[in-house]
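Naming follows writing order (A, B and C), and every chain is counted from residue 1.
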Amino acid sequence: MVITLGELAARLNGKIAGDSNKKISGVASIQEAKKNDISFLFDARYQKFLDSSDAGALLLSEEFSDSFSPSIVVKNSDKAYVELLSIFADEKSISNSIHKSAIIGENCDISESISIAGNVVIGDNVVIGDNTIIEPNVTIGNDVTIGNDCYFSPSSVIYERVKIGNRVRVHAGAIIGSDGFGFRNIKGTIRKVYHLGDVQIGDDVEIGANTTIDRGTVGSTIIENGCKLDNLIQIAHNVHLGKNCMLAAQVGIAGSTKLGHSVIMGGKSGIAGHLEIGNQVMIATKAGVTHSFSSNLILSGFPAREHTASKRIEAIISRLPKIITDLRGMRHQIEKLEEEMHA
Amino acid sequence: MVITLGELAARLNGKIAGDSNKKISGVASIQEAKKNDISFLFDARYQKFLDSSDAGALLLSEEFSDSFSPSIVVKNSDKAYVELLSIFADEKSISNSIHKSAIIGENCDISESISIAGNVVIGDNVVIGDNTIIEPNVTIGNDVTIGNDCYFSPSSVIYERVKIGNRVRVHAGAIIGSDGFGFRNIKGTIRKVYHLGDVQIGDDVEIGANTTIDRGTVGSTIIENGCKLDNLIQIAHNVHLGKNCMLAAQVGIAGSTKLGHSVIMGGKSGIAGHLEIGNQVMIATKAGVTHSFSSNLILSGFPAREHTASKRIEAIISRLPKIITDLRGMRHQIEKLEEEMHA
Amino acid sequence: MVITLGELAARLNGKIAGDSNKKISGVASIQEAKKNDISFLFDARYQKFLDSSDAGALLLSEEFSDSFSPSIVVKNSDKAYVELLSIFADEKSISNSIHKSAIIGENCDISESISIAGNVVIGDNVVIGDNTIIEPNVTIGNDVTIGNDCYFSPSSVIYERVKIGNRVRVHAGAIIGSDGFGFRNIKGTIRKVYHLGDVQIGDDVEIGANTTIDRGTVGSTIIENGCKLDNLIQIAHNVHLGKNCMLAAQVGIAGSTKLGHSVIMGGKSGIAGHLEIGNQVMIATKAGVTHSFSSNLILSGFPAREHTASKRIEAIISRLPKIITDLRGMRHQIEKLEEEMHA
């Protein structure tokens, strides 16, 4: 990928300063950029690296507009940054081929506009739309349906009957559709609860590496459009994530819990089973949610409370040694008063 | 799977009300059931969905015996529920075949009553009993022994010398027998502690998706009969789980810790290394156990204490803002007393 | 592996007592050792098993030098223990072959001194040095560089452009180079931040089973020489681990955080994003680090504090029920004083 600064400016909807013919072949941080790289400066904390930067050009937010040349100055730096990276992303193109080592089951309906890599195994009655890429060693079970423009990284596993929408990315080692964790003690014998349900994944969903999503016991585990899941997350049976939820790494959600839309969960946070969480709730890192909450809240701590309450408690906890010293002083004062009183 | 309500009633040991010839082809929740589905009602919270349910029939506990027709009424609803789901579970049947792409090592003793799917790799000297299913992209190392009626989901990995009993289910991406995390600093050089031990897994064990079980340094990591492990669990080297332990997702147990039988661990809980936990101990979600405990306890918190003690502390913590206000009041009273005294 | 006690003593730099021709074929714990096994005793807690041990020989630290025969007595028992296990480790030898089912891309530079097992898939332009073992079902992306003497366990996945040094062990299911978790909300649309960076892994690194390491957004995620990572760890984009860091299972480190050398993190601990942690910092189990810390500290708790401060707070928390009782007493004293004063 080589592009002139002028073309880049046009695609980023920015104003160019300096040589518009300069050729750019990569993106790098301001400290690491080489002479053919474009870098970016949107944050004053990185301004100190300007003088020593070898960057060939800089993408600048308006406040830094005269600080470097050549440069592209943009109004919406978030948008330009996302665009810039997408331009240089080395996304794979569709090979329109199925590697000869791939094993495809019977009665499948797979688009010809597809890339299926080596040692992929696909079951029977599988439907896959256009422009989907399936990397090596992926396994897709029977009766799975997959939309258009999806991407399955190596060793991801899609169990039977899972339904996946369009533009879904499944990272390496992610498991979708495993049995839920259900057992019953029937007169001293532990019996398995068989899982007849499925997993339904909407459009524009991203599933992180080694994340696991269990199927419903009956009915579905549902991940609505636009949800983004980081790595090593556990989604139990019959969980329902509303659209545009964002879950950071190592989150866990127990069975049958339902989240509204745009819920954000910090790393290592968790939610117990059979709860309902409203829309646009933010759950802090390591929080543990043990009862249902309505919409538009910020939660933290374990057990999770509204963040203002957690913060107040946390502030007191950090002052406990001082409070204990104060208490000793008070006790001393009381004893002195008692002595004086009874003297 | 299509079955008449009459046949179902017989298999569930229930009393039929209504048309015993009605054909049932699936199981669904009371809200989602369609006219050929059977649903179930054991819990008054779901009674409100009765009127609008499209279910073709209901499995009912005795308290709801007249609420729907046709229906099957049972005495032990837990048992009937487990049975019902097992009847409709689309368990795979044994193909009695090894896919031509599978790679089988030398000197193996593999039953003919088996299903080995595409791209499975099995090492040398492997023994596998009857009626075991091995799904695509599974790897089984040298000298592994596997019993009857086991199920290995895609991309699970069994390292060398692991021993697995009968009726064991290993979910996708689970890793059994990886090296323990052992290193020694020998005069400034970090040296690897090689792991010569193995993993021994009993009968009727279930290992969740992407769970990892390390081998013993010397000797064995042991998972006794009937243990059920959820997804993304870490079992370190030389851990010993007594029979019928149930571990929820994202649990971690450090090296050489021994659990008695029927220990239950909530999601994200953990136990430090070299400890002993008795029988029938319940460890709450997110608890962190830092010393040994005897049998028949409920533990919670970090550091984990008996639950009644943790609850008392937690209740005080949630009242801390009120306690601080009270303290200010007391200080004020003391100051007033001092003033009055010294006036 | 069969070796005489005399040869073992020579390799372990120890002093033999008893029959130097005795043949040893394995290592086991003092309780489990059989007559052809050597066991070890360095710790008085295990002395009680001496009398009933069936061990064929014992490796002893000097304090136990006369307690068993035959035996090998060593000065540095840690070193001898590590050596002993390495002698009996059944490390695979290089087969100098590529299994016929492996798929190798174009333009690769792969040493002839290699073992590549069945169903491995390797992309284009991949460089692999001498004496590296690649186990079944591993996937290695395009443009990956791997050094000498590495070991890739089954189903591990190395994404495009990752660089790996010498003597690196990647355990089963580990994922190196997945996309970081980056999204931006651009006027209500959630846009993916494409990840153009890579992962650079130094020499003598060990990556645990099902651990995930994301690539840099731009620039690199860096794991320096000698780092050891246990299972189920999450390393986010652009994290930088200094040399010889040791991370226990289920640790999580958020994006762009930089650790110095020799940082030790206990199981389930975590560090937030964009922080700097100094050298030789020890972070306790389950700790959550929320701001930067300098070198040579011990941290614990959430939010993580220096361990002495956390311990003081934790001690107070465990005394809270007693403190509340005391408070009630004080209140009672104050009320009595007030009554007496105003009587």
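The definition used in the following text is that contacts are C-beta pairs under 8 Å (C-beta built on N, C-alpha and C of every residue); 3 or more make two chains touch, one makes a residue touch a chain.
Computed from a predicted structure; not experimentally measured.
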{"item": "Cα-superposition angle relating the copies chain B and chain A, to nearest 5°", "value": "120"}
{"item": "Equivalent interface positions on chain B and chain C, same or different at half", "value": "different"}
{"item": "Geometric centre distance via CA averages, chain C-chain B, whole Å", "value": "25"}
{"item": "Residues within chain A bordering two or more other chains", "value": "101, 119, 137, 155, 173, 210, 232, 250, 268, 317, 327, 330, 334, 337, 341"}
{"item": "List of chain B residues in touch with chain C within their complex", "value": "101, 103, 119, 121, 137, 139, 141, 155, 157, 159-160, 173, 175, 178-179, 181, 183-184, 186-187, 190-196, 210, 212, 214, 217-219, 232, 234, 236, 250, 252, 254, 268, 270, 272, 288, 290, 302-303, 305, 309, 312-313, 316-317, 323, 326-327, 330, 333-334, 337, 340-341"}
{"item": "Complex contacts: residues of chain B adjacent to chain A", "value": "26-29, 32, 76, 78-79, 81-82, 85-86, 88-91, 99, 101, 117-119, 135-137, 153-155, 169, 171-173, 204, 206, 208-210, 226, 228, 230-232, 244, 246, 248-250, 267-268, 285-286, 314, 317-318, 320-321, 324, 327, 330-331, 334, 337-338, 341"}
